[in-house]
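Following are the structures in question.
Both of the next two complexes hold chain A, though its partner changes from chain B to chain C.
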Partner chain A sequence: MTHPFLFLQWLVEKLKFGYTPEQLADYGYFNHVTYAWATMAILILAGFLASRRLQKHPEGLQNFMEVVLEQIERLIGETMGAKGRAYFPMIATLALFILVSNLIALVPGFMPPTANLNTNAALALSVFVMTHAIGLKEHGLSYIKQFTGPIWWLVPLMLPIEIIGHLARPLSLTLRLFGNMYGHEIVLMIFLSLAPVLVPIPMMLMGILVAFIQAFVFTLLSMIYFAGALEEAH
Partner chain B sequence: MIKVDWTILLQAANFFILMGALHLILFRPLGNIMQRRRDEIDGNLQQAGTLEERLNEGLAAYQEKLQQAKIEIASDRKQFRQILTTEAARLLGVANEQAAAELQTIKDRVASEKEQALVELKTQAAPLAARIAQKVVGRAL
Partner chain C sequence: MAEDRRQLYKSLGFLSSLGISMVAATIIGLAMGYYLDRWLETSPWLTMLFLGFGIAAGFRNLFVLTNRELKRQQREEEKNDAGS
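Then we have the complex of A and B:
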């Protein structure tokens, strides 16, 4: 099921930007990329406005952003400990990007980039690569001990289990976020097609909850994976 | 729609570009100012702690001095009371001696005046008795 109206696609089709009719026909396929750019633009603009005139006693957007970043920092401290603070930029970017991506679905004419597998898989694979990079940076080659289990003769059993477990992580991260956001989009589309006036509003309100919960779950799981890589092998 | 393709790389690149941009324009400047504020608060708390410690020390020294002064005052009071008691006893003794001496002087003077009065009475009694007798008998004796 596709969106009845997507603002950016409509804008490109109106202004054309030198695209051929064939290219314009295929443009809809890249909506998840263009809406990811829209999300990036929103976040960069908000970041610029928040840090434009930094004050010792914060007000307005600076105050709001400080509260948001402080909460993320606190969560990192509680989940990953003091070592986790080094990975604050990645965790905070994940949290903000997923949250804003999920929330722009509530604006008519916008779709969430997280309702597409490619976006979520890109984020999940980034977390996967970063997890093992952190493990190797922290422990060197002895990081492999995290996969071999506590007793040497259990290695043939533990190694495949651990490898499957680690490979399942990006899959679960991707599908969880995708399933929730895509499912929400589908339900909203059905409600809009059946009764477009008042019926979709409770679903949209629930969408706010889903947006926050999914952003939190993705971020928290990423932090747990990073914390696991930071820990010593048993 | 449900298909993984090359845009996965584009989205990953978008994510890392966003991370770099947010780090430069948001996380670093805000993190710096938040850290400065934390340092300032920690410094103020430390300063307040030092001041409180000094205040407590001053208060303890004051209490000790006050206690010492109370002990000294009590000792001085005791000493003064002893001196005053001794002085009062001495003055009382002197006064008693003076009073006794004065009493004796008065007694002596009274005794002397009595003796003198008796002598005068004896001197005047004979002519007075002669005159009374003359008046009784009605003629010169």
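Then we have the complex of A and C:
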């Protein structure tokens, strides 16, 4: 199911940028990359505008951004404790990036980069690598104890179970976000092709809910994984 | 009321995500067993063994995630009670 109109693709096809016709024909495969860049541009612009003139009594955009970041920080405090504050930049980036890329779907001519497996796999793998980096940094080599369980003769049983459990995390993070966003995209496209006026609006309302819930779930789960790595081995 | 609604959405999001984390672990276990069997030519033993490991890992994931989320909610409720 393809989009009837994608703004960035149209722009590139008009301006050409010196691409050959074959390259332009293949351009549609990389829409998720360009829209991820668009999301980054929006976030960087918002961050720049909010921090350009910092005031003691925040107003407007600065106030809004501060409220958003305070909410994320509160959630980190609840889930990970005081030690988790160090990982605030990564978690806030994940949360804002996923939220904005989910919400971008509601703008006509834009598609969410999270409706593609590759973007989600990149996000989930960075969480996976970061989890184990945190574990190794906090506990050193005794981090391995987290994988072997409490009783030594149960190690051959516990080790594969733990490894499979850890490998399942990026897979489930990827598939959950992808399934929700792609499903929403397809439903919207079908409704648009059947009855373009008014009918897709309830679906778009649901899309707002899905976007917020999925961004929250991804962030919450990465926080839970980080917290698990921060904790002492059992 | 608004606080209740917020909690409801949080729990909704969290609980709706639990199913897939179980399925993912089972699939990873099955895939590992299947490819190990193809590599070592011991079909079907490793597939079955790793499928078992995968299912166990799925249940363990469920247990760990739910445990953490419950604790988080309890802490939040305690904080709300203390604040009001």
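Assume the second predicted complex is superposed on the first by the 234 of 234 C-alpha atoms of A that agree within 3 Å, B and C clash if a C-alpha of one lies under 4 Å from a C-alpha of the other, contacts with A are read in each partner's own complex, and residues count from 1 in each chain.
Criterion: a residue touches a chain if its C-beta (ideal position, glycine included) is under 8 Å from a C-beta of that chain, and two chains touch if they have at least 3 such contacts.
Keep in mind that what you see is a predicted model, and the values were worked out from it rather than measured.
Of the two partner chains, chain C is the only one that A:161 touches; chain B does not reach it. Once the two complexes are overlaid on the shared chain, A:50 sits against chain B while remaining clear of chain C. Using the contact criterion defined above for the overlaid structures, shared-chain residue A:169 touches chain C, although it does not reach chain B. Of the two partner chains, chain C is the only one that A:221 touches; chain B does not reach it.
In the superposition on chain A, A:26 makes contact with neither chain B nor chain C. Of the two partner chains, chain B is the only one touched by A:66; chain C is not. Comparing chain C and chain B on the residues of chain A they touch gives the larger count to B.
In the complex of the two chains, the chain A residues touching chain C come out as 78-79, 160-162, 164-165, 167-169, 171-172, 175-176, 179, 209, 212-214, 216-217, 220-221, 224, 227-228. Taken together, the chain A residues at the contact with chain B in this complex read 2, 30, 32-33, 36-37, 40, 43-44, 46-48, 50-51, 54, 56, 58, 62, 65-66, 69-70, 88-90, 92-93, 96-97, 113, 116-119, 121-123, 125-126, 182.
Chain contact summary for the complex, chain B toward chain A: residues 1-5, 7-12, 14-19, 21-23, 25-27, 29-31, 33-34, 37.
The touching residues of chain C, when paired with chain A in their complex, are 9-10, 12-14, 16-17, 20-21, 23-25, 27-29, 32, 50, 53-54, 56-58, 60-61, 64-65, 68-69, 72, 75-76.
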